[in-house]
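Here come two complexes built around chain A, the first alongside chain B, the second alongside chain C.
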Partner chain A sequence: MRMSKIVRTGANLLYPFIIIFGLYVIMHGHLTPGGGFQGGAVVATAAALVIVAYSYQEVTGIIRNVAMKARESVGLLLFIGAGIAALAVGTPFFYNFLANSGLLFGMPVPFGPNPGDLNTAGVIPIMNVAVGIEVWGGLAIILLYMLSSVAKEGS
Partner chain B sequence: MIPAFIVENSPALMVIVPLVAAFITPFIGRISHALRSLWVGGAMAVTSAITLILALDVYATGTRLYVFGASAASMALPPDSGGIPIRIIFAVDPMSALMLVITAISGFAIILYSLASERSYSGLESYYTLYLLMITGILGMVSTGDVFNFFVFLEILSLASAGLIAYRIDGGVAVEAALKYFVLSTIGALAILVAIGIYYGEYNALNMAMIAARMQFSLLDQVALVLIIAALAMKCGAVPMHFWTPDAYSMAPSSITALLVVASQASLYGLFRTVFTLYNLSLNAVTVGWLIIILGVLSMVVGVTMAIPQKNVKRLMAYHAVSQTGYMLLGVGVGLAVLGNQSLLDAFGYMAMEGGLFHIINHAMYKGLLFLTAGAIFLRIGTYNLNRMGGLGHSMKWTMVFFVIGALAIAGIPPFNGFASKLMIYESVFIFNPVLAVIAMVVSILTLASFVKVFHSIFMGPRLPEYAEVKEAPLPMLFGMGILAVVVILFGLFPTIVVESLITPAAHALVNQGAYISAILGGA
Partner chain C sequence: MIDLIIHALVIAGLIISALMVFFFRDLLAAALAAGFFSFLISLEFYILQAPDVAISQAAIGAGLTTAIFVIAIRATTRYEEGNP
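Entry: the complex of A and B
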């Protein structure tokens, strides 16, 4: 079921770059187009690429089902956790308590046209990261399940 | 007594607790199965407790607001927003509180039951995760004050339900039922999404109170109304959009079927909320009222006549669920039809609505109980086929008692709760239109006939040799059924207290659109 050497080498080369690009889209979700879901989908395409290039047995060694399921849950828990943290500081659920606080992602946004500062927007980047992790895990699991039935038919 | 923190944040906590618990469940399940049972049971108990605290608080102090992401929970209108509620708001009025009470009681009883009934099946971490997500969806749907948020929770509910209907694959039959449910739910949800798009384009708002305050009832609003009524009537299983209910209800595990009944009631809540809160007097109350009455009468008659020839006990009960939904639509429809006329509303309109709303909570209790007894029987003998049952009254005495309570309640026999709400519907609908009341009574008699037959074929007769070894259902299952049975009896014995404390505030909250709007937008 594995593809030709050209495809495999190409996949090997592209794999880190796709992941880096996906992580970039996640991390800059509050500044540039895209965000957690879009970036997570990009990262998951890296998984799709190696799944296409290699066989199911080889891929499950690298991308493990359990690890992806864990990502799914951890992402969702991080997202809700960001909301619950607002309860802990005495404000309603999902209140953006980090914005303009000077802490993590807490710089005030400068007025007027500016290149955009990564260290702004409070809990929004944290939620983007959470969604990114969740989508990465979720989409990878869907791909793995689909491929597992193909692998069964092939054998 | 109860910490102020919990009371203040209860609208958020009742959604947070099941959500967090749902996503931690897979990790806990890796440690030990007993710990997971404890975890999900505890999480559901906490959720129910918070939900009941919130509901009692709403009944005591009036509509509660919870604004997500604001600097204070009651700040619906941010100072720089120009008087528009831009955030997602939970607006819990007595009508929502009624639905919260239903969900809290049923959700807790059913999880107790599930802990025993599902013990021997695999894939339980997904089962409990999806169960808690269903609870989240229902609680969110009935508390939200934002139409788009309603759609989101509806989708959470539909996805989780579809997964759980397919949970026992059963040679693919359950998967087929789940697919049918899922496709129909998606079509319905898309119709609702289009309607929400219409509101947003027209009024620049997603908040229910804001849309209600700006409602003009233009042609576009009429289109949106039709889309929402069609989609939610389908979701609550009203004839002629009922065809998914027998499949989904009969193929899902019985515990999930009981929760699907509550989920259908949540859709019914959405329907009433749209008609009464979003539109209220701006729509032609007589026409829409009669439309809902006709949907109700069709559901009652078609549901019960389809139920009588069924051989599968759960399909039979599913058709009865369709039929009972008709009573709720009939009662509330009559209330809507006389909405503009205060004297008629006082004479019988409120009573009809109270009957319909009372029937919602009663139905969730006794129909849930009946489905749970069907599940207990299936657990012990492995079939739903009525022709292959018999003589189980010898060995499953408690299950038989619970079944009798549920069956008498659904048939409207005193002193059970079905009688109380049906009597209110009969009396008030008779003044409105005697023919409708007669139809309702005939349907009730047919229901009784049908359940006498079912009771006889399951429990009566000599002990069958193939079921000689059958034992009573496990204790947690009996506890789960017992909670619902006790509620059925208490509501039947003291209907006045329940109606006065729970139902009347709900009916008035539904009719009084102005109060809902001013609770969110301030004294308009």
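Entry: the complex of A and C
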């Protein structure tokens, strides 16, 4: 069972734009409202739109189970890796060792009123990206498992 | 003054959409009314200057919860049975 042609066309049309907006919220998490969880939930909304519009057999061709499980694992590993990396350079666990270092996301924060510099804040953007990927995979896998039980019952 | 009017409109919309959720016999329409309730409450969070909470409420409440309800309605029946 699947939805009408209007719903399917609208889902196809909106899918990339919602993903781009969610990735924007994730990437600017240390400058604007929102962050890893909020952006990941917005991206998962795009997955939910496609999952609602199609049947289970069709949706596994667009959003694969294994890819979503991999996103969840990669996000968690990246988050804990950012914590372990601080131990590796000789600072306490989860210490912000990249801030003001000149490396990745390591520029000093400009003084006074400014539009915001993306290349600041150290490990905080990295953890935002990790949480965003993890929430994307986790929420999408919940909806996929719900839809798989619908297909099993047979409507 | 304009704040007060917008507040009153949003709160009136919240009450009306909550009553719509209660009185609809079509469960798909009731789920969409619940999504509209979530959207209005995220607007209220934004007016009260909590944009962070507003983004989460719009994504989780209006997006994912409605999707879960629609999937559950697809697995069961669309119309509520029996007399109230």
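Note that in this section the second predicted complex is superposed on the first by the 154 of 155 C-alpha atoms of A that agree within 3 Å, B and C clash if a C-alpha of one lies under 4 Å from a C-alpha of the other, contacts with A are read in each partner's own complex, and residues count from 1 in each chain.
Just so it is clear, a contact is a pair of C-beta atoms (placed from the backbone, for glycine too) under 8 Å apart; a residue touches a chain by one contact, two chains touch by 3 or more.
Everything numeric in this text was worked out from a predicted model, so none of it was measured.
K.L.:
Once the structures are superposed on A, label A:9 by its partner contacts, choosing first (chain B), second (chain C), both or neither.
P.N.:
The answer is neither, since A:9 touches no partner chain.
K.L.:
May I ask you to decide whether A:69 touches chain B, chain C, both, or neither, giving the answer as first, second, both or neither?
P.N.:
first
K.L.:
Kindly classify A:48 by the partners it touches after superposition: chain B alone (first), chain C alone (second), both, or neither?
P.N.:
Touch partner of A:48: chain C, not chain B.
K.L.:
Let me test your reading of the model: by the given contact rule, A:119 touches which partner, first (chain B), second (chain C), both or neither?
P.N.:
neither
K.L.:
Touch test for A:96: chain B only (first), chain C only (second), both, or neither?
P.N.:
In the superposed model, A:96 contacts chain B only, not chain C.
K.L.:
Is A:57 touching the first partner chain B, the second partner chain C, both, or neither of them?
P.N.:
A:57 sits against neither chain B nor chain C.
K.L.:
Between chain B and chain C, which one contacts more residues of chain A in the superposed model?
P.N.:
C
K.L.:
Contacts for A:83 in the overlay, against chain B (first) and chain C (second): which applies, first, second, both or neither?
P.N.:
After superposing on A, A:83 lies in contact with chain B but is clear of chain C.
K.L.:
Which of the residues in chain C end up touching chain A in this complex?
P.N.:
On the chain C side, the touching residues are 51-52, 54-56, 59-60, 63-64, 67-68, 70-72, 74-75.
K.L.:
Write out the stretch or stretches of chain B touching chain A in their complex.
P.N.:
These residues of chain B touch chain A: 9, 12, 16, 19-20, 23-24, 26-27, 66-73.
K.L.:
Taking the complex as given, what residues does chain A use to touch chain C?
P.N.:
Per the touch definition, chain A meets chain C at residues 1, 25, 33-35, 37-38, 41-42, 44-45, 48-49, 51-52, 139, 143, 146-147, 149-150, 153, 155.
K.L.:
Which positions of chain A touch chain B when the two form their complex?
P.N.:
69-70, 73, 76-77, 80, 83-84, 86-87, 91-96
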